[in-house]
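Each structure below is given as structure tokens.
Shared chain: subunit A. Partners: subunit B in the first complex, subunit C in the second.
Here is the complex of A and B:
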């Protein structure tokens, strides 16, 4: 019974992490209909920034996290303004080719600068080890991830649902032409959202170094996971991707624990079945945009 | 003249062999005698060309975007490897066809998943199938050899006459003949009414079905054929290198394949062949400059190609040959710009 709870706990932490990593992609892919396979590269940027600051410059871990967010967001907005925006209207094939190219470049560039081996971020002592909670082993680091990501999720939901910016974004996504007719600066809204999504990915990358492992091949290894979250979760709200991430996280951890040799197999099979059954995602709306 | 005969005369006119095409194949054959020390790399190019031809059939002609074409390549490679390793079919040509058929069956079965949904779902499903097969190959490592790959494959002589030599001469001619035969078949397919209906589907599926083209059945058919081609390419890989490892399923292989096709141009058969030559040369060049970081430059080529526009680049490249043809022969350019992609 306690192992079940431990698996559940680890799975939730993993799923929360995946959500923070992938929710930026849910916006670009699901809402703006842009196939961004380079999303993992932004996560990697944040992770490496955090690693350099903590390991080489001696920054405290919690001070480096916001900077990981900001750097990834800045890189994101710079690329969006210079390159990505030319491709919004192009075919999916062009978008795929372009973002695969960016991913390859980021992999080789990070390999060149940082070396190809896996990198670890020095954690403060307070986050190491685990404590017992009614016999269930709770990792401190994973608990912190759940808290941070849970707060972020609530904040995101509030921003989308309650603020003026949130309603602008929803309007711009639903019908860009009508929205710009109403005086909403659609490209600006998209650019800001894109940057914010990249920032979240960067933060997720910094947090995930401990759990997922950070090396130059990060964007390629986890690309499929991000895509699963978005396609399975659908794009009508952020609750869809959120539930999909939790499912994926718990499923992956449980799969690796109970049927260790079939781990990835289970995930891919579930994904294909869901895509066949509901091509717009489990929680997606019926109309394909 | 009725509409039907008009279509067929048009198709026949398109299918006629042009001097440039004959020159292309004579050039390919003469490479064997011009660079006798480069058989291995040239065989590599031929395999890649066949693999790209396969992607061109579904992407360039039918408009199906696939990120997991390596699945069929891998199945072909492992089938050929296992057949040779366990001595089930010793004769390479029969084993080649058998491996292609195995991939073809897989292609037929998965085509039902692929034809559903829009571009994005197709991307995910094809990618998922390739990853699934990679996970399976890793799981059943007692059969596939796991990360070490299949070891100790001994290839028997082709048709019992031509043994594979260590310089790759036999392998090269074998691959060239296979490529040429399959190219002829592909040429026949795309110039047939069937091929024309595929183009109609690619341009507008709704309109194609309105004029009576059975869209789904045509897509299933071409996907199955393309899987056969990819399986043959994979089997050639195993037979000429005596090697099959997990990386035949790798995502990088599918992604590189896209790049090869895009360099050569989609929607005409020589695109894959020219793309394979250019890609391998680029790869060799980058690998000699920066052995470890050539991936960066490949990525840069992709990004630049998309940003500048694929059609524009092809026009620039073809400008000189077209000018020469116009000046020398005083007629319309024969080297055509490949058909543009429907947005």
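Here is the complex of A and C:
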């Protein structure tokens, strides 16, 4: 019985991590209708920034995390203003070609600067190991992931639903022309949203180095997972990708534990079943725009 | 530029190439070095490339009066690329050797070309037993997986390890490692209590490790591709398998010198069997490690040694043939070659053209603040059991 809880706990942590990594993609894809396959590159940026700060500069881990967020967001906003902006009105194929190209460039650049081998972030001792909670093994690091990601999710949902910025964003997405007619600075709203999504990816990248491993191929390796989260969750809200991440995380961990031979397929099976049942994802809009 | 001047230029450059080519081919010996310099196996390629450069720096680039020229090509560990590059090197560049080969499929892809062109193929990395059987022109200076896996199986069975859970990546080398280990370990009276094959692209070991922990073995036998070893060790410690008294054993690939320091103290105490450790206590190795560190700023791993010995074998063979580049004569010169490598004494088996070497049992310890595989037992002159059993 306690093993079941440990599995559940690991699954939730894994799912939360997927969510933070992928929710920026849900925002750009779902809210801004832009296909950004380079999303993983921003996650990798955050991861490497954190690794360099902690390993080489001797920063404490918790101080490096916000900086991973900020750097990835700044890189995001710089690219949005210079490159992405021109592609908003182009077809999805153009966007895919452009962003996958960007992904390959980031892979080559990081390989050149940092080398191709996997790197690790030195963690404070307080985050290492497991403790026993009524017989259930709880990993300290995974617990921290759940706490951070849980808080982030609540904050995101509140921002989107309750604040003025959230309503502006939703208005700008639904009908950019009417929104700018009402005096909303649509490009600015998009730039800010894009940067925030990139920042979250950066934070996710820094957090995931310990569990998923960090190397220059990160953006390509995990692109599939991000896309699964967004397709399964539907891209019209934050709740959809969140539930999808949890479902996939728990499904993946439990599947690998109980039926190791089938392990890698569980996540895809879940995706196929859900998409047959609801082709637009769990919380997708009924009709495409 | 007008069309006429373009044609003139093109004609001129072709003429220039034709004039240069034959003079070039006569007084130099060309080695086509095909390695993964990009992609997931890039660290293998870089180590071998470094080691070849180092050897040539130390020993000069002339052998038997001929200049050695190395042409490096990147195949990204994709066998189709390897085949195309090998063909280009042989047909266009007229190389006298092909060498390198980061992974088994790459070495196999080039094998028919070596046979056809009758030139030696020196395998410096790939480790599956069958490789040398695929062409009479293949010679190997790296290792075979069977060498380290059978030895660790024997050692574990004799050293109080009764129950083992295995965790291996689900691809050809992983399955090889598992089978060779299982064969020798169970023959020695051991028992496999849990057998898990993890997908090659595996982001998270957590569920598999939990399964290992629940099956309560004395040790976990692990074989994962080099880059994943660090993640495995970290999660192994995070999950408390070390505190539960479960040891980690395996072939030494997982504890590559290249990656060992990044793994952190979680790796301490891991026992592996392998051909080389940067901490090997011989004068030849100390000199090699010092020179390598000075030139490239990091310590060499077993891949670097495979490359270092590979280029040395080519040099020695050329010395014996007096600079003649006939493929059969070169292979004959390589058979039975014996020398003191940084890893210890090695020999090219005259029958199989595979390497015969010592396999060391090592334990990860801290030496001067850095992690090293410290050798504590030696199995001498181990042949590739993947072949001798036939």
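Going forward, the second predicted complex is superposed on the first by the 286 of 289 C-alpha atoms of A that agree within 3 Å, B and C clash if a C-alpha of one lies under 4 Å from a C-alpha of the other, contacts with A are read in each partner's own complex, and residues count from 1 in each chain.
As a convention for this text, a contact is a pair of C-beta atoms (placed from the backbone, for glycine too) under 8 Å apart; a residue touches a chain by one contact, two chains touch by 3 or more.
Just so you know, these numbers come straight off a predicted model, no measurement behind them.
When the shared chain is aligned, no partner comes close enough to touch A:72: not subunit B, not subunit C. Looking at the shared chain after the overlay, A:98 reaches subunit B, while subunit C stays out of its contact range.
By the touch criterion defined above, A:111 lies against subunit B and subunit C together after alignment on the C-alpha atoms of chain A.
When both complexes are overlaid on chain A, the residue A:271 reaches subunit B alone and has no touch with subunit C. When the two complexes are overlaid on their common chain A, residue A:119 makes contact with subunit C while staying clear of subunit B.
Contacts of A:83 after superposition: subunit B is touched, whereas subunit C is not reached. Of the two partner chains placed around the shared chain by superposition, subunit C is the only one that A:256 touches, whereas subunit B remains out of contact. When both complexes are overlaid on chain A, the residue A:195 reaches neither subunit B nor subunit C. Overlap of the subunit B and subunit C interfaces on subunit A: residues 108, 111, 261, 263-264.
Of all the residues in subunit A, the ones that touch subunit B in their complex are 29, 35, 83, 86-87, 89-94, 96-98, 100-109, 111-112, 220, 223-224, 227-228, 231, 261-265, 268-269, 271-272, 275-276, 279, 288. On the side of subunit A, the complex with subunit C involves touching residues 3, 6-7, 10, 14, 108, 111, 115-120, 122, 128-130, 137, 139-141, 210-213, 215, 217, 221-222, 225, 252-257, 260-261, 263-264. Per the touch definition, subunit B reaches subunit A in the complex via residues 59, 65, 67, 113, 116-121, 123-125, 127-129, 131-132, 135-136, 139, 251-252, 255, 258-259, 262, 292-303, 305-307, 310, 341-343. Taken in their complex, subunit C has these residues touching subunit A: 38-40, 42-43, 46, 196-199, 201-204, 206-208, 210-211, 214, 227-228, 230-231, 234-235, 237-240, 258-259, 262-264.
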